[in-house]
Amino acid sequence: MNYLFDLNAFLPGVIAGVAGLIALLIDSYKNDHDGIYGLTVVSLIAALGLSIIDMFGPVGEAWSGMITYGGVSAFGNTVVLLGALFCVLISREYLKAIEHEFGEVYAMVLIATSGMLALASANNLIMIFVGLETMSICLYVLAGLIKEHKIGAEAALKYFLLGAFSTGFLLYGMALLYGATGSLSIPEIAQNASSNLLFIAGAGLLLVGFFFKVSAVPFHMWTPDVYQGTPTTLTAYMATASKSATFVALILIVSKMLPAETAEWSEVLEVIAIITMILGNIIALVQDNIKRMLAYSSIAHAGYLLVGLAAGTPEGYSAVLFYLLAYTIMNVGAFGIVAYYERQQGLDFTDVNNYAGLGFKRPIMGVMLSIFLFSLAGIPPLVGFFGKYLVFAAAINADMIALAVIGVLASAASVYYYLRPMVYMYFREPHKDVPFVQAGITFKGTLIVLTILTIYFGVAFGGLHDLLASYYSGDWVTHLTGN
Amino acid sequence: MISIDWYLALSAILFCIGIVGVLIRKNAIVIFMCVELMLNAVNLSLVSFSSHYGNVDGQILVFFSLAIAAAEAVVGLAIIIAIFRNNFSVDITQINLLRW
Amino acid sequence: MITYSFIFLAVLAVATALGLVISKNTVNSALFLVLNMVSLSGVYLLLQAQFLAIIQILVYAGAIMVLFLFVIMLLNIDEEESLFNKFRIKYFVAFLLGVGIFAQLIYSIGSFSDTLPVVSAQMAEAGTVEAIGDVLYTKYSLPFHIIAMLLTAAVNGALLVAQHKTKPLTEEND
Amino acid sequence: MQLLLNICIYLPLVGIAGILVARNDKATKWISLLATSATFLLSLPLLFNFDIAASGTAQYLTETAPLIGGMDIKYLIGLDGLSLLLFMLTTLMGPIVILSSWDSIKKHLAGYYSMLLLLQTASMGVFASLDLIVFYVFFELSLIPMYFLIGIWGGKNRIHATVKFFIYTLVGSLIMLVGLIYLGYDAGSVMEGVSFSTDWRFLSGTEYTIGLVEQTYLFAAFALAFCIKVPLFPFHTWLPYAHTEAPTAGSVVLAAIMLKMGTYGLLRVCLPVFPNAFAAFAPYMAALAVIGIIYGALVAMVQKDVKKLVAYSSVSHLGFVVLGLFAVNVIGVQGALIQMVNHGLSTGALFLIVGMIYDRRHTRMIEDFGGIAKVVPIFAVMFMIATLASIGLPGLNGFIGEFLILNGAFNSSVIPQNAFAVFAALGVILAAVYMLWMYQRVMFGPLKHKVNEKLQDLNAREIGILVPLIIFMVWIGIRPVDFTRYSEAQVNELIEQSQQKRIAVQQAAHKEELPGWASTLYDVTNELASKSQNK
């Protein structure tokens, strides 16, 4: 075992974790928020830079087969770190405004990020379990940050109870897989996989656990409540980084560990994808609270992501990866602007009625929110469109035309609720004169960068797509469809 | 000699009792304890598989699951205390501010 | 001998689990859970997993459950007026889910039985503290480190959530 | 020249950047006028340099390498006989719509003009793109500015109108997207070296054919999107709302350019790529078109609001275009092409005129006017010419288009009944009835309302807007060949190719292998194939 090599292979995660511990240490001796914030940003940028470099580097296993580095894992790490970095950048001002800026928050974000990185690089069920729980436990804390308000405490409790409940299923799934194959390492499980019931039940329970975490219907009940009760910028973190990490792990599991010979996994995913898309989009139609609306929209997006997974082709997997990046960029942006408006008015400002006339009052913010929402709705030439395009193209090429048609129709329905905030912002007169605070330079700058990325990847998607596709070329064998 | 199936069956029974408990009880602490029961049941499965194969990996997972259960308990009980401060109750049927 | 011990422990475990679910008094529930864990620890011993049997008692029964009891006492919620959820439909769903999952699990596990002995010969060494420690610090060192970090974070996070008052904010605003 | 085409398409975006930098209402107007006029002037060389002899092939091509590895999706733009005139129409309408809103828009000017400019770019992109994915991107992009134009600067029911417009068209085009992806993979399976292709030149060529059953599904997916956009009869319900609520410039762009995207799409994609399905569905589509013609005319007749009347007349006129396309012969398609331009000019002019009178009186009800011809003589003349052009009076542009279309429909081998053409001709008469009746009620008779006595006649700006349109109306009416020659070779080739493809697919298909419903389709196209072979 070569420690230097191992350390290097998981360096982004190590940086994030160590920075998190140092942040805790600083916080317990000195209430130095500037220092902690600076440390967080610097360490996330360093980790991000490293994982971007890894994306182009070699692929392999490290830490005695615990994790893989390079390729899909490196891309997953990049997406997670992008989400984390942008959320931290917009969090400071917002948390200060709602008077909940604690040093621990940054430490929690860093440690959760480290868990996510472990999850996205996992090559062993133990790493999946440990990474997932590190992430979840830190997120429970963040969900309960506004514990003085009923809404915050309730969000934390719901998230916690359902999360712990789903952990039970996940762990039982792992136990049964272990029983069926005698190993916890993903490649070894794939080798020893058989279609006996123990294996199928284990894989099924594992998938249920994952469906809980990515909030796929019918395991989505916690999502809207938790998203609403969590401070908005941290909701963005929860919705993007944690979902990306979980989905990358899900891709690793589905693509590497579940051979098509054992059961019709593709059909299971297809069914879940269909009900997730339909239900997520339909319930979102009636939401008046913009955070709940975004929560249901994130459920629907989980459905689109599952479409790519259900396609089960290399194309589908790379499409899901691209979609994760797209989703992260536009969702952090949308939540960021919701946070901006909320910051002005207080916590109950997330009702869509309050957005009346704001588009012209704060023109730049209004335009940016429109761009993010159009992108979420999948209107070209924004990044969301190409994410959806790739996912549905993968499904069509895998002969799942019905799935693609349902997905497309569901996303047509989604346009209605994405248009609603814009209808209020631009087409209605403002209720009352509300004084507006100027947003800080970091906050504004972050959102502008996100807007530019939304447009940039919508137009110049080719290089990234080719890189992602290259992860699945060569001797890559896909198990899911058995071809 | 009892076969390994019996250990697994015991584990399955405990797991299902845990599930039913989570679904029907309304005291958040009891629900949480039922979750712990579920985790314990899983641990039993893991240990019996581990013994069956003579392979230590399963026990390692149990070890991690214990550590995580401890971390979860700390955070979970803190959350329960926070909700009690707000509601003066840990009855989840009274926690209904947030609805779809 | 092993058979009788197993039957005794299994009956005890199931009975305490049921007790946990249907007991009206929260403290009793917690104590039932403690007893359940102790009986599982006995089962671990039957399976030659000595190390786990010990930390099951130390960590679970000794630490986690004490924390539970502490919180129950602190919040003074030992008695519940009505025990269960009012929603009848939920009972039905719970019952169906429970039976369904149970049947599925038993069915899956039933197919597993084979000629191997319950406890393989290697287990005599594999279950010791030494054997576990050996892999824990080599093969599994990465998750072990992460777990250590997580425990630190969890303690701090719990403080953050359970603190009664918010901490004073930094004064400087921009 | 390729560069010039790209500059034309993206110059309005530069204008938007200028507006954002200037942050000044007056500068905003001038910048947008400058941007659109420059676009128009720069597009003129494209017209003059167009090689008419070679109009069958796309010119001024810009072709990049595939954007995605292994997939033939590329930025491919150029102009050919089918798109040249519509592209020119778009650039011409640019400065006109900017000028038409010069005084009437008073709030949020920067946003308004940015949206108009964005719309300009999107429309030019739709007509110039030869890769279907790029086409789709521009097609969808055009929705966003129109959504805001109607929603922010529209009338009372604007929110309902704009959301309805957006969702209707989006649902159609999303279904088209599924078809498009399927088509791309199907083409990729034939093409060498790539797994996916949406290059129009390949798709429309004779070496690529699609089986009968797939053609039917794909045609349905594409035609639905385009028919909603046109809008063909049962899908037209969004149009009157959108037209009535939109600001003048919005209505003009909607009528003159955006509706053309639908008919253009039918011509560009459906005809050459799915020739069998196109021919097989032709009678049904023609029937819908004729129903649309009559229905639009009848509903227009009872309208009290001039703008709504013009909106319904659009439904009627676009029925003609669709009828011409589904005649699937050179005359019909040529007529449809020229009629697209005509409708853009005359209906655009009518919406401008309605906007001008609305600016003065803030009402568009017919009953609020009457006898104003004496008060505003120049206005009356302009209005008269536009009305007559819209009716299809010989000597003006409308006549040429309708004549060619009806001629094509009579001689069509795919539309069996001449009744279609007869009923369509009835639509021409009805058009004369409702338009002239409206004109008479607005302009002639006693001056009923005192307010109208003080109406201002058109000012120089307004005359300047209308005169170019009127010049073109007359020019097309007198010398249509100056315009139709641009597309002649291309249309000939297109019809020829699609016929060849139709026969090839027909011969390759085996009736026994088709599902039940498709075997009737087989019979129909078989009959058509033998007919066209005999000719």
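Here the chain labels run A, B, C and D in written order, and each chain numbers its own residues starting at 1.
The rule is short, and it goes like this: a contact is a pair of C-beta atoms (placed from the backbone, for glycine too) under 8 Å apart; a residue touches a chain by one contact, two chains touch by 3 or more.
Heads up on the chains, UniProt names are A = NADH-quinone oxidoreductase subunit N; B = NADH-quinone oxidoreductase subunit K; C = NADH-quinone oxidoreductase subunit J; D = NADH-quinone oxidoreductase subunit M.
None of these values were measured; they are calculated from a predicted model.
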So which chain ends up closest to the centre of the protein, judged by Cα positions averaged per chain? A
Could you tell me the distance, in whole angstrom, between the mean C-alpha positions of subunit A and subunit B? 26
So, what's the distance in Å between the C-alpha centres of subunit D and subunit A? 42
For subunit C and subunit D, let me know how many angstrom lie between their CA-based centres, rounded off. 69
Nearest whole angstrom, what separates the Cα centre of subunit B from the Cα centre of subunit C? 5
Residues of subunit D that touch two or more other chains sit at none
By the touch definition above, subunit B meets two or more other chains at residues 8, 15, 18-19, 32, 50, 52-53, 55, 57, 60, 64, 68, 71-72, 75, 78-80, 82, 85
Residue numbers in subunit A touching 2 or more other chains? 126, 130, 133, 137, 140-141, 144, 147-148, 156, 176, 179
Every touching pair of chains is listed here as A-B, A-C, A-D, B-C
Quick one: in the complex, what on subunit A touches subunit B? 125-126, 129-130, 133, 137, 140-141, 144, 147-151, 153-158, 160-161, 164-165, 167-168, 171-172, 174-176, 178-179, 182-184, 221, 224-225, 228-229, 283, 292
Going by the contact rule set out above, which residues of subunit A touch subunit D in the complex? 360, 363, 374, 379-381, 385, 389, 392-393, 396-397, 401, 404-405, 408-409, 411-412, 415-416, 419, 422-423, 426-428, 461-462, 465-466, 469-470
What does subunit D use to touch subunit A in their complex? 66-70, 108, 111, 136-137, 140-141, 143-144, 147-148, 151-152, 158-159, 162-163, 166-167, 170-171, 174-175, 177-178, 181-182, 184-185, 195-196
Subunit C-facing residues of subunit A, complex: 1, 6, 10, 17, 20-21, 24, 27, 31, 33-34, 63-67, 96, 99-102, 104-105, 107-108, 111, 114-115, 118, 126-127, 130-131, 133-134, 137-138, 140-141, 144-145, 147-148, 156, 176, 179-180, 196-198, 200-202, 440
Interface with subunit A, subunit C side, in the complex: residues 104-105, 107-109, 111-112, 138-143, 145-147, 149-150, 152-154, 156-161, 166-170, 173-174
